[in-house]
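Read through the structures below before going on.
There are two complexes below, and they share chain A, which is joined by chain B in the first and by chain C in the second.
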Partner chain A sequence: MGKRVLVVDDDPDVRLFSQTVLEENGYLPVLATNGEEGEEAVKKEKPDLIILDVLMPRESGIRLYRRLKTNKKFKDIPIIMLSGIAEKSFLRSQKVLTEFGGDPVPEPEAYLEKPVDGDVLADTIKKVLG
Partner chain B sequence: MFWLIRLKKYLADKIKKGVAVNQHNEKTMVIRKMLFVTKFEELGFGALQSLLPLRKSALEHVIFMNVIERDRVAMQRGVGYKKSEERKLREQANIRFIDWAENLFEQGMEVGVYIVVGNLVPQVIDAAEKENADLVVIGRRSRKMMEVFYSGADITELLSRIERPVLVYKNRVDSGSVSEKPFDKPLLAVDWSPASMRAVEYLKNFKDVIRKINVVHVASRKELKGTSNLDIQQLRKEKREKLDKICEVFAANGIEARSHVYVGDTIEEIERAAGERKSTLIVMGSSGKSVWAERWIGSTPRYIAEKSPFPALIIPHGGEN
Partner chain C sequence: MPKILLIDDEETNVRVLAISLRSDGHEVVTAFSGEEGLEVFERESPDIVVTDIKMPGMDGIEVLKNIKKRNPEVEVVIITGHGDIDNAIEALKHGASDFINKPVRDEAISLALKRAQDKLYIRGKLKEYTENLEREIERATHELRLQSNFLQKLIKTSEEGIVATDKKFNVVIYNPAAENILGYSPSEVLYTKKVKDLFSKELMRYYQAKRHEKQKKFKLQHLETKILNKDGMPIPVRFIGTFLYERKKVMGSVAFLQDLREIKHLEKELLMSERLATVGQTVAGMAHGVKNILHGFKGGSYLMEVGFKKSDTDKLKAGWDMIQKNIKHTSELVMDLLSYSKVREPEYEPCNPNEIAEDVCQVMEETAREHNVEILKEFDPDIGQVAMDSRSIHTTLMNLVSNAVDACVFDDTPGKSLVVKLKTAHEDGNMVRFEVIDNGMGMDKEVKKKIFTSFFSTKGHKGTGLGLLVARKLIEDHDGAIDVFSEIGKGTTFIVRVPFMELEEN
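Moving on to the complex of A and B:
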């Protein structure tokens, strides 16, 4: 049975794109449209990998990332960030949130800036999941 | 009427006790989450930056919203639904929001985004409810500019239907630029209605943002008719004393406040007061009249929101009507 990959993105085109790439490569996609839904899906589906957008309604990927990476249960789930937000802005925001008194968080397993080729996404997933 | 009087008394008692009430049953009314509705031309990054001092108060989450009007992408004979146009407009909005969001994320803020197709007012209300936004910011270009991005009808409808504070942002008439600190020196126009009292409750939590607040009441000429000089002075004194009580609420919360009584046409005098006091913002409680009533009877908050050159913060009536 293929590994379960959770895609958290508010853009239906990106969800469809990621879903197609995942299915073609033998993974089981689980889809969520924002950070809140994403967190629920993490608890319920226990995915092997998360592909996470940053800029979304309800809750951004930045906050969800922090919560997952500081939670004993979920911190070992690898996360590929897939976003239009630049990697340096993401890393800077995490640094600032840590400076404000949050727990330090590691860098994501991979960071891909949108738009991304299907092959690049598939290769990154393969690499991250080993 | 009975319940209106009871409600007024209840809110006045709350103010005396220094206890804040709001529609979300929170202890204090603060701006944690701001819904920033833009079409870019009238509300840009400069406007957003001018509101960031609200972080000193409680602001931590900004939600960007762009509503693509239906007629820009709607079905047309021979063309059908303009899906590619919608994509293009969405992508244009997204690119701008990403740039703004990077800036806010790097400051440790939380950011969200809505890019939707539809009618402005229902979409804004829907997003404000979903996000539980404490403040909705919407733009209106200065009167000197030809193009009006949000029609008066939209602003009237929004103010009538939404149960959340709305800031109608305006570029400065003289330069078209934005006010650097809209909350720096607001003018609060009060008539002691429940909505006015809610505005007091709202503003008193902004001590880190407001430098000085001028509290104004405009007495109508009707109130002066047939009275002697002594009566007029007595009326002014009474109003002034009532205003001073509001100023005491602000002072107790660390905000410098001054009271002023004006006499004459409400709208004209509020604008005059705002000009004389070099106000950065006019704050008012909204009447809560229906859209129909607003169109036929008119309303001071609506006029100030739509037509005044000053940015306007309209605090909702809270259901007393």
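Moving on to the complex of A and C:
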């Protein structure tokens, strides 16, 4: 049985791309279109890995990432960030939120900046899942 | 007291009369013949001469003629014999001021002298007045000339164009600044053209309407507008016109024209440099959009690769769709960037704003229907053919209407009937107002603040973030303005005001 991978992205093309990469490499993709849906899916589907976008309407990837990484139940689920936002900007925004009284969060297991090749995404998933 | 010369060949008469007159306070000189009388006259310059008419040698008439020749202002009183009317009339013909009959009675002579004296006095006053008047007139004329020179110099050196007319609206004043704006030489305009030949009908109507308003309310109002010069070029000016009244009747009109060409030019340059700065500063913002597009291309080609490998047409199609979508996106972004950073003078051409609006509605109709959004039209039938840049208007309305449809699509209030309305209206001063009204999701203050900044988009992967920026740029290049009103949950209204030019007759 393949591992479950949750893809959270508002862009349908990106979801389709990630979904195809996952299917081609024998994983079971689960899809969500924003942070809110993503959180629901994490609770319900208990995925083995999350591929998360940063800029999304409603709940952004920055907030969802914090919530998951500060939640005992979910903090060990590995997350690959996949975004047009540079890694530096993402880390800085997390740092700012921590300084404003949030709990410290670890860096993501992997950070991929768009555009990403299908093979690179597949390799990264493999590496993160061990 | 005037000096009196008495002439009579009868010495006794002279002496008696002289004593009587002296006792009345007159200064009296005497002579006993016409010839002597003239000699004394020369010497003494009397004001009044009293002479007998019948004298041996030179008679009274001759004396009168001689004296009047020497000094017409001297009053001459003639003494005639009783009943000698013919001589009396003869004397009056030659300018005698009065005559008295012999024998000379005191009352008669003093009355005659009084009358002569009054005449002298009146004549003296008259002379004084006349001289005064002449002096006054000369002074006033001089003053007037100075003032008129001053005014002429003022008008001539004014930086503002001044065109003034008489009450029949013939141009009578046309200064060099006006010449500089309008391009006609003074001889082509002065006394040969009327104001309506120089300024547009619309402008004339505007002031005609103002004239009929109550005079009390009438205030000078300036109008930023464009007027056509001799070569048919539109010149931007600030225009102030007014009627000139004298005793509540129109005596003429005057128009002041402030040349805005230089200012407009500077404004444009400033805008341009600001725009370039915006583009420069936000390369980072653009990078995000470009990264997403590139990711779309990679995603699409990955899908196609998988499709080829497995002969899976669905995957091929999905990949191809993705690539096409991103090609479209790329071209939109590039076109937006180009039209945003390019300086383009509006191309005025005959068009009907209502037809442009109609076309935009038709293009958007299908997309709107797909999302259950109704498009309503409310066009002002008063708008006819005008000259504007139809491409700029079309692009702007397309951007606004498609935004409005999106705002409705993003509104997920259940059961709400979603409507986008496009309104047109003719406004004073050659303006068309377009309104794009939607009842979609609306914007909060934060979003409203950012909508005209570059690369801001609430549409996620759908927008280039440049649509409104481009719309505003096109409208500003067309000397128009965009306003926005929005309330969250209730909808948004964009109001575009653009000036047009009237079409030439024929």
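Quick note on the criterion: the second predicted complex is superposed on the first by the 130 of 130 C-alpha atoms of A that agree within 3 Å, B and C clash if a C-alpha of one lies under 4 Å from a C-alpha of the other, contacts with A are read in each partner's own complex, and residues count from 1 in each chain.
The rule is short, and it goes like this: contacts are C-beta pairs under 8 Å (C-beta built on N, C-alpha and C of every residue); 3 or more make two chains touch, one makes a residue touch a chain.
The structure presented is a predicted model; accordingly, all values stated were derived computationally and were not measured.
After superposition onto chain A, the modelled positions of chain B and chain C overlap sterically.
Once the two complexes are laid over each other on the shared chain, residue contacts for A:116 go to chain C alone; chain B is not touched. Once the two complexes are laid over each other on the shared chain, residue contacts for A:84 go to chain B and to chain C alike.
When both complexes are overlaid on chain A, the residue A:55 reaches chain B and chain C alike.
In the overlay built on the shared chain, the residue A:63 is in contact with chain B alone; chain C does not reach it.
Contact with chain B, but none with chain C, is seen for A:97 once the two complexes are overlaid on the shared chain.
Superposing on chain A, the segment of chain C with clashing C-alpha atoms against chain B, chosen from 5-13, 41-49, 203-211 or 401-409, turns out to be 401-409.
When both complexes are aligned on chain A by C-alpha atoms, chain A residues 10, 55-57, 84-85 touch chain B in the first and chain C in the second.
Chain B makes touch with chain A in their complex at residues 63, 94-95, 97-98, 101-102, 105-108, 110-114, 127, 130-131.
Of all residues in chain A, those touching chain C in their complex are 10-11, 13-14, 16-17, 20-21, 24, 55-57, 84-85, 113-118.
Looking at the complex, you find that chain A touches chain B at residues 10, 54-60, 62-63, 84-86, 89-90, 92-93, 96-97, 99-100.
Remark: chain C residues 287-289, 291-292, 294-300, 302-303, 305-306, 315, 318, 322, 325-326, 458, 460-461 touch chain A in the complex.
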